[in-house]
Structures are given as C-alpha cells and as structure tokens.
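Consider the two complexes below, in which subunit A is the common component and subunit B and subunit C are the respective partners.
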Partner chain A sequence: MLSLWVIASHFADKGRLFPTPWEVAAALSDMLVTGELVRDVVASARRALVGFVVGGTLGILMGYATGRNRLLDDSFGSLFQMLRPLPPISLVPLLILWLGINEPAKYVLVSFGVFFPVWINTHQGTRAVDPRYIWMAQSLGASRQKLAFEVILPAALPMIVSGLRTSIGVAFFCLVAAELAGAMDGVVFRMNLSQLAFRVDRLIAGLLVLGSISLISDTLFVRFINVAFPWLNGPGNAHDAKSA
Partner chain B sequence: MTKSRVIATVTLFLLIATSAIFLFKQPDSSPNHEIILAENASPLSTLTIIAHEKGFFKQAGVDVKVSRFTSGKLALDAVLGGAADIATVAETPIMFAGIAGQDFRVIATTFLSGNACKVVVRSDHGIAKPSDLKGKKIGTFAGTNAEFFTKRFLESNNLKVSDVTIVNLTPTDMVIALTKGDIDAYMVWEPFIYNGKAALGDRAAIFEAPGIYTTTFNIVAKPDFLQAYPKETAAFIQALRLASRFALEHPTDAMATVGNYTNIPVPTLEAVWKDYTFPVTLDDNLVKFLTEQANWAIETDKVKPPAPDYRKYLDGDFVRSARH
Partner chain C sequence: MIKVDSLSFSYPGEAIFDGLTTSIDSGEIVSVVGPSGRGKSTLLLLLAGILKPSAGNIEIDGVTRSVASQEIGLVFQDVALFLWKSVIGNVLFGRRAGASPATRARANSLIASVGLTGHEHKLPSQLSGGMQQRVALARVLANDPRVVLMDEPFGSLDTRTRWAMQDLVLSLQCERNFTIVLVTHDIDEAIYLSHRIFALPKDTDRLEEVVVPFPKPRIREGIMREPGYATLRNRLLELQ
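Up next is the complex of A and B:
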C-alpha cells in the first residue's frame, strides 16, 4: 500500500495535490514538535469520549425501555427512527441556537450520533431475549431490578456491545460536525484549516491521526470487553476484533 | 495472499491509478471548447453571473457551462484538480495556493471593495466604539480573509488579537451565535452583516473600516488551459467586460439578476452595492494584497515561509487584449 502511495504521489507531484508519505510524516513530526498535535488529539478524544459515554448510556437506557415496554416503544420508536438518519452536521445551527458554541454543544452532537446505534442494538437485543428465561426468573420471584441486571441485560449484552463498538467510529465521525463551529482546537478543526491553506500533507496527517485514535479506541474497547465479560469471547461474537 | 486481499489490493491500485490519471488530465483540444466555470455563487462573482444570465458569453462567442460552488476555495480546488477550467475566487485562497506551490494563473480581477468586510457588534453588550471590543468574544472564520480583516481591524484600533477571545465560526453560525449572545461581535462579509443587523435590530451596530483591507475576486485558470484555449479565454474576458459595463450602466437590473441567482434579497444588495466596484483589471495591487496576506499567514503559523513572488502567478495578456 505504501509502495502504491509512493508511486501515485510521484506521478502526481507536479500538482502538489498528492504528497508523498515522507511529506506527510514530516508534517506529522512538525505538528508533534510544536505541541499542536497533542493539544488537538486531547481535545478531539475528550469530545469523542464524553459523547460516547453520555450517548452510549442513554442509548442503553432507552433501548432497554423501548425493548421492554410497548407503550414507550410506540411513543419513541418512530421518533428515534425518524431522527436516526439525520446527519449530525445538519444539527449544528440548531445546537448553536439552543446550547451555544461551547463544549457542551459539541458533547451533545457526538452523543446524538452515538445514541442511535446503541439504542437500536439494545432495543433489538432486549426484544430477542428468550421469553422462557424471563418466565423462569419471574416464577422464581425475581424483582424487576434482578430481572433487568441478571437476565435481560446479560442476554442482550452481545448486541449492546456490538452497538457500542459501532458507536466508537460514529463518535469520531461526529467530530466533523462538532468541530465545525466554535472550536479552536481538535484534529478536525486543524484539518479544516489545512484544507483552506492547501496543506494536503497536513490534511492527510490529520486523517491518519483521526483513524489511528479511532483504531486505538476500538482496540482498547475490545480489550476492556474481553476482561470485563470474558464469557462473550466466543467465536463469532461481535466484539471479537478479528471477526469484525 | 488470500483472495480478498488480492481483490482489495487491485481495487486500491485502480483507485490510485484513476486518481493519478485524473490529476494528469490534459485539456482536450477540440474546437469550440466549452469552458467549465467553477463559480462561487455570491455577489462577488457578479460579473460572471451577469455574463451568463444576460447572454454576454454567447455574445462574445464562447460556450460556458457553470458549476456552482459554495466558496471560492472549492471553486479553485475544482480548477486545480482538473474538474473545471476557470474559477472565481477571492485573494486568500490564491495566496495559500501560491505558497503551496500550485500551478495556476490569475488572469483578471473582477471585484474590488475596500469596505466589503465589516464588524457587527452587540451594542447592548457595552460596545459603542471599536476600543470597547477589548476583552470581548469575537467570531471570525479562521483561515479566511475574515480572519485577516479581524487582525487588521483590531490593529487599526490599537488592539491586539490577544486582547480579545477569538471564536472560530462559519458566517451562518456567527449570526446565530451573536443573536443568542454567545459572542459579542463578529467580523465578516455580506450577506451576513445585513443578516445580523436584520436579526438584532437596535441591539446591533455596524463598525466600518474602509481602506484597511481590500477584498478582491479574481478569475483563475491553469497555464495549460490558457495555452490550449487562448481564443476562448480572450472571449471569456471580453464577455466580462460587457458584463462590467452592464453593471455600471444598469445597477438596478444587475442587482436584480444577482439577487435572483444567489437568493440574496435585493435590499441587501442595495445596501452594499455602493461599496463594490466591478472592473476587469489586473495590476500590481493584487500582488501587494497577496504578499500582505502571505506575511500574515506565515506570522500566524498557517504556512511555512517563504512567501513566493506573486507576480509570476499573474497573466495580464487577456485583460490587455480585451481592452483593444
């Protein structure tokens, strides 16, 4: 792949629209030396993490609620399905109007994107639990809390984990919208500036950084799941890094 | 190597090869070449808008297909990438393209204004004069001429950029943020100045600073295109001269045409038209503006020095021949 990149950039060098890998590496090194890269990565990772935690938590709660309660499903299901395909970038003007231009608006934007995959997976996972498990637990006198935490959620866990894992990528995808307004740092903010200044080397460097932190986050998530829920580590499970 | 890896490698190779071919695409040399114009659909492109809407391109004997872009930067990208022949673009993207070593020529300047950028402030936030901006939150569009104007405006009022808090916003978002009170002022171009004032009424005031920064809009093409199609390019410039005369002699009709094409209400255009001139020219003033902005871009670490000699990017032959 690197060889193909070198060949392509060599032939396209006249226009300086296709920098070589070394030029991109030099841009990365420059960004690292000035401290700009660390500052931007920290800012973007913080926005992605907060959005992931908030959106993921709400997604699990609402997914469980709509999966278990027909009335809530009828009330919110269609609304969520309607909102789900909206690109986060289309919400930027509304969020500025309602929440302003500071960090909370960015967290909400990322949470919005993260929420839906987690919600729908939790909803489906909760629905797909074998009713016999629930009847058995109920006949043994399990409380609602026990039913939720010891029967339904563990049974729906593979789907929930799959939704959460999908949302890691979505969180970084949402940064494009989140860092469009009111941001003065962040990987995507820097990429926008690089695009304006024809710094294609820095633009590609930004893409590589964004891809790398997304990959690292995904790897850490898989490791966490393997440690926290080792019984899920069976063949074909959604959190298996190799199968995904 | 597995089958899927072979397929992935071949697909990737084809993608890169296609990109390389696209980057190297030479203009076809068929007769009556239709010029693809990458146009930023804004009042700054008034002359090209009038030229195609009023039939001046046809009158000059050139076929032009218009491709609309939301910014001059994207229009310039289309030309540099080979997707269009000619772009309408402000001087800031040209300045960045020059520093980046891109291959292009500016063949005409078709818009000039020393008062196109202004400051919209919340007068109910205790801002009655420019010096009151000290310590306030100011919205600007980072990396564009709005940011350059912001620096110039602050300096001309004995303020430093560090005396205020700069907030990066797109022009549309600036109006919303000011209305909501998240920022105290913003510095940008039309129609966002008019929109901010219209949204806030008496709670907003406008500070003008004519002459501290000149906005230009220019016609840019690649040298190989100019070499392949000199007749078509000359006719294109001739059509712009006809449009320039039309804008001068029929301002009401020109405003209506531009307003209709850009969806900007005519009263908005009427409010600013006096600040705009639409020549078809090319001179050393553009070199001066580009060099000043290049120095700013270097000072603010947007790009690495050195600034190029921008004279090499100007080709005045077409403007000169259109005068005769």
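Up next is the complex of A and C:
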C-alpha cells in the first residue's frame, strides 16, 4: 500500500496534489510540534463524544419507550421514521439560524446523527425480547423497574450495542459536517484551512488523524463492551463483539 | 389446591379450551400430554396468570388468580435462565429472595441442593443444558412457590441427564411438597413422574384425566415391568 502511494505520488503532478508519505509525515510532525494537532484532536473528540453520549442516551431511552409502549410508538414512531433518512448535513442551515456556529450547534448535529441508529436498534431489540423472559421475571415478582433494567434492556443489549457501534462512525460523519459548517478548531476545520492554502500534505495528514480517532474510538468501545458485558460473547448469543 | 372452573380460551379464530373444569391437589404431580399446538403450553400460561381466560376462572388455594404471582414458578425448556446473570444472580432474582446475607445463604443452599456448589459465579453460557435447568429449578424454589409449572423442561437434554433431572425434581418435590404441572411429549417421563396425566386429544376440546396406578416412590427400571404399564402407555399414545 505504502509502495503504491510512493509510486503514485512520484508520477502524479510531481507530488503537488499527491504528496509522498514522508511529506505527509513531516506535516503531521509539524502539526504535533506546534501543538495544533493535539488542540484539534481534543476539540473534535470532545464534539464526537458529547454528541455520542447525548444522542446515544436519548436513542436508548426513546427506543425503549417506543419499543415497549404502543401509544408512544404511535406518537413518535412515524415522526422518527420520517426524520431518520434525512442526511444530518441537511440540518446545518437550520442549526446555524437557531444556534449559530458555536459548540451547541455541533453537539446537536452529532447527537441527531447518532440518535437514529441507536433508537431503531433499541426499538427493534426491546420489541423482539422473547416473552418467556418477561413471563419468568413476572412470575418471580419483578417490578416494572426491575423488568426494564434487569430483563428487557439486557435481553435487547446485542441490538443496542450494534446500534451504538454503528453510530460511532455516524458521529464522525456528522463531525465533518459540523466543523465544515463553521468552527475555530478541530481536525476537519484544519483540513478545510489546508485545502484553502493548497497544503495537500496537511489535508491528507488530517484525514489520517480523523481515521485514526475513529478507529481508536471503535476499538475502545469494543473493549469496554467485552469487559462490561462478558456474557455477550458467550456461546449461543447472536452478538459477538470481538468478531463484529 | 388448583381448581379450574369452566375455563374457556381462544386465540383469534381458534378455540383452545371451552368450559374446561378440573382440579389438582396440593403436592400432586400432573403431566399434560398431547400433540403440538393442542394448547398444553397455553394451559400452563393460563394457570400462571399470564394469559387471561375468556371465561371461567382458576383458583389456587381458594384465591382466584388473574396475574402472575410468586406463588407460581415457571420453568421453560430453552429459555431457562437470564444469560446476563451469573448462577447466584439468577437464583437471587426473585423479589422474595432479595440479597440480604440470610437470603444469599439460602440461595447458596439451594444451589447446593441442585448439586452446583462451586458454580455460583459462572454465567449460564459456561454451563451445560442440564446444569442450566438445575439453576432454573433453584431460582424458582428460592421463592417458595406452592405450584411449579414446567414447560418441557427436559426436552433438550440427553437421556442420562434427563433421568437425573427427573429424579432431582422428584426428590425436591418430596422434600418441599409443592404441586407440579409438567408439559411433556415424553409418555414414559409422564408416567414415571406423575400421579395423574392430563391428555389433550387432537381435534377435540376435551381433557382426558388418566390416573397413574403405580405406587410411589417408583423405580425407573421396575416401573416398565409393572403389569399394566404397556396398556397405560398405549392408551396415552392413542389419546395424543
């Protein structure tokens, strides 16, 4: 892969539009030394994390509510299904008008993108819980709260985890839209500046950093799930976080 | 005592029971046999208070039941345990069991009584099918139920494990004197375990009650040589 990159950069426009790997590494090193890389990574990671936590939490709560309550499903289900296919980027003009280009607008955009995969998976997961689990719990005297937290949500967890994992990628997708719409720091903001300055080496360095953050986030998430919920990887369980 | 009085129940477009009346004594073991789809599991769910009859009622010790109750324990075949809870977590799930030191000690003693000491902190996925059914039994017994309803609990076990589980159920029932209603496809299992067998014949809404005439305790190897065993077995097969 690296060899192909070297060859391609040699023949393509004398490296101007296609810098060599070491030119990209030098740009990365430069960004690291000046401290702007750390600042941008922290800003982008914070936006992705806040959006993921807020959107994920709301997705799980609403998914449980619409999955287990027909009235709430009738009230909100159609609305969510209508909003779900909308690309988050289509919300940018409205969010700028409502919230400006400050941090809350970015959090809302990422949360919006994260919400729907988590909501639909939690909705389907809680709806598909084997009724025998619920009957057993009821016959053992489980309260509504115990039924929700100790039976239905754990039984739906494989689906919820799938939704959360999908939404990690969506969070970074939305982050790109959020930072392109207006920001003063962040990895994508820096890539945008690099494009205007025709610094393709810094642009590619930004792409590599963004991809790396996304990969690290996914790896940390899978490790957390494996430690927190070891039973998810047990034989007979459909979900296998290690191989997913 | 369980009293079923003029019980009717139907799924959309299909009547399952129409005016069913019967009773089961305290401490009695009754098996329910019949072809698939005839309503064996439905009868258990009605007795458990999970399904509501369209007419008639069910009394347990003189009290009409219409909701699930801790006095009635449920054991299923393939969804025996909460996969996300350890053995001790499953046994402590019932509200009565709680988590005080006394109830924890009681849970440990129940786990010991089903022969699983040393496995308390294992997940269900780390146990064999027979061990999972033992935990399911211990979990139900942690609530001191008066009635245990079992829906083909040993259907997926190999013969040797199934026999061991049948003997374990008999010894626990003898010790605690709870009533058992057991749905099974295995006629030999029904005869070995039960005082009476309820057969739900195909294409009728009748319930045939057959008394198992062999005295208890029974010896597995001996019971098949009892005079009348083959006749009883054939009669039950014909009723299915």
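Following the convention adopted for this analysis, the second predicted complex is superposed on the first by the 231 of 244 C-alpha atoms of A that agree within 3 Å, B and C clash if a C-alpha of one lies under 4 Å from a C-alpha of the other, contacts with A are read in each partner's own complex, and residues count from 1 in each chain.
Keep this in mind: contacts are C-beta pairs under 8 Å (C-beta built on N, C-alpha and C of every residue); 3 or more make two chains touch, one makes a residue touch a chain.
Here the structure is a predicted model, which is why all the values come from computation and not from measurement.
Between subunit B and subunit C, B touches the greater number of residues of subunit A.
Applying the stated contact rule after C-alpha superposition, one finds that A:N192 touches subunit B and leaves subunit C untouched. Once chain A of one complex is fitted onto chain A of the other, the partner contacts of A:M82 are absent, as it touches neither subunit B nor subunit C.
Of the two partner chains, subunit C is the only one that A:L157 touches; subunit B does not reach it.
In the superposed pair of complexes, A:F229 makes contact with subunit C only, with no contact to subunit B.
By the document's definition of touching, of the two partners only subunit B reaches A:L180; subunit C does not.
Contacts of A:V33 after superposition on the shared chain: neither subunit B nor subunit C is touched. In the superposition on chain A, A:S143 makes contact with subunit C only, while subunit B stays out of contact range. Comparing which residues of subunit A touch subunit B with which touch subunit C, the overlap is empty. Across the complex, subunit A meets subunit B through its residues 1, 4-5, 7-8, 11-12, 14-18, 34, 92-93, 96-97, 100-102, 180-184, 189, 192-193, 195-200. Residues 45, 48, 50, 68-70, 72-74, 76, 79, 82-85, 93-96, 123-126, 139-140, 143 of subunit C are the ones that touch subunit A when the two sit in their complex. Of all the residues in subunit A, the ones that touch subunit C in their complex are 130, 132-133, 135-143, 146, 150-151, 154-155, 157, 229-231, 234-237. Those residues of subunit B that touch subunit A in the shared complex are 9, 12-13, 16-17, 19-20, 23-24, 73, 80-81, 92-93, 96-97, 99-103, 142-144, 166-170, 172-173, 176-177, 180, 182-183, 297, 301-303.
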